[in-house]
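For clarity, chains are labelled A, B, C, D, E and F in written order, and residue numbers in each chain start from 1.
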């Protein structure tokens, strides 16, 4: 009954890429822990780069600075 | 001081339905645990069906397949 | 396919109270949004009162102060 | 390696205010716990006032009622 | 800069299994989205079966009932 | 009505350090966004270093390797 929450920046991730993440994470939980895929939830949340910080700066600022 | 986070698919949930969820969850915490409603938070997050997976597929894919 | 996360202080909540929360929240999602209970997850997390703050103080401090 | 998730209502928070939150929280973790800012993540999520409840009402309802 | 939160029941998951989950999820984000592993966080949370509900029952109840 | 969730490794953080985090984050939300501290929640979650991954390795492994 695992629940997986993936938070990523909203950089135009396609529906196909999301399907690949969902499929891959679910398979990983089957392979490593023997979990039932039918009760495995995966939830992807896309976050604006203004709202994501690392090193005390937003990702927007970091990219502007070439980091 | 409970905090409740409800994640659901974004299927046109109305403001009235959201109010019913907020009221019902808060009352449940009062009834079962004697919590103070004034310090009970409820937060509803609506997630696109492309971003929600179960059984290794997105909800978009599952609905297309008639599941 | 809802996912509900309930965070409460760890005040000796019993297994019966947890079952009442799980049952009540699931029923609420059935009643208000017509969700399928078989794909409704509820997750209860109990948090130490030292680790929970409100009004700039921990719940431990607030209770000591009679709040 | 801290991860901080700030959930606030979506009241037109500016990019500058978000940067101030990211910078301030990161500095706090450096000052109090000696954490490395380069592996400190801050994530801000903005929530519609219909989706946020307190005291059994949505924030939208509370504001309408002058609370 | 992804952040992945995996919530599973606390069924004696070993440190080796946790390492396999961390390694696998990180690699998936590299493969599907080209993310930098050095800024990819994975966080595993283990939840007691009394605290996890599905179908309106706790996992403890479900297992007792042979589900 | 902000809600702040701080996840850190469980390295013997003291009650005093937790109070400093709660106080500091609450004050930051007052200063930057004019929030009411009485409806500001801060929740600290401490995570075992086996359960926290970065760069594809658990923090336990990274520390063993001198990172």
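As a convention for this text, a residue touches a chain if its C-beta (ideal position, glycine included) is under 8 Å from a C-beta of that chain, and two chains touch if they have at least 3 such contacts.
What you are looking at is a predicted structure, and each value in this text was computed from that prediction instead of being measured.
Undergrad: Please identify each chain that touches subunit A as well as subunit C.
TA: Touching subunit A as well as subunit C, we find B, E.
Undergrad: Which neighbours does subunit C have in common with subunit F?
TA: Chains in contact with subunit C as well as subunit F: B, E.
Undergrad: Which chain has its C-alpha centre farthest away from the C-alpha centre of subunit B?
TA: F
Undergrad: Can we say the copies subunit A and subunit E touch using the same residue numbers, with more than half in common, or are the two sides different?
TA: Since more than half of the residue numbers are used by both chains, the interface counts as same.
Undergrad: If you line up contacts by residue number, which pair in A-E, B-D or A-C shares over half of them with C-F? Let me know.
TA: B-D
Undergrad: Centre to centre, using CA atoms, which chain is the farthest one from subunit C?
TA: If we average the C-alpha coordinates per chain, A ends up farthest from subunit C.
Undergrad: Indicate the whole-number Å distance between the mean C-alpha point of subunit A and the mean C-alpha point of subunit D.
TA: For subunit A versus subunit D, the centre distance works out to 20 Å.
Undergrad: Let me have the rounded angstrom distance from the C-alpha centre of subunit D over to the C-alpha centre of subunit E, please.
TA: Computed from C-alpha means, the inter-chain centre distance equals 25 Å.
Undergrad: If you average the CA atoms of subunit B and of subunit C, how many Å lie between those two points?
TA: Whole-Å distance between the two chain centres: 13.
Undergrad: Give me the residues of subunit C that touch two or more other chains.
TA: As it turns out, subunit C has residues touching two or more other chains at 1, 3, 7, 21, 25, 39, 41, 43, 52, 54.
Undergrad: Applying that definition of touch, give me each pair of chains that meets it.
TA: A-B, A-C, A-D, A-E, B-C, B-D, B-F, C-E, C-F, D-E, D-F, E-F
Undergrad: Can you list the subunit E residues touching subunit C in their complex?
TA: Touch residues, subunit E against subunit C: 7, 47, 50-58, 60-61.
Undergrad: Per the contact definition, I'd like the list of subunit A residues that touch subunit C in the complex.
TA: So the residues of subunit A in touch with subunit C come to 1, 3, 41, 43.
Undergrad: For the complex, which residues does subunit F have touching subunit D?
TA: 1-9, 13, 17, 20-21, 24-25, 28-29, 31-33, 35, 39, 52, 54, 59
Undergrad: Name, in rising order, each residue of subunit E that touches subunit F in their complex.
TA: Going through subunit E, the ones touching subunit F are 15, 18-19, 21-23, 25-27, 37-38, 40-46.
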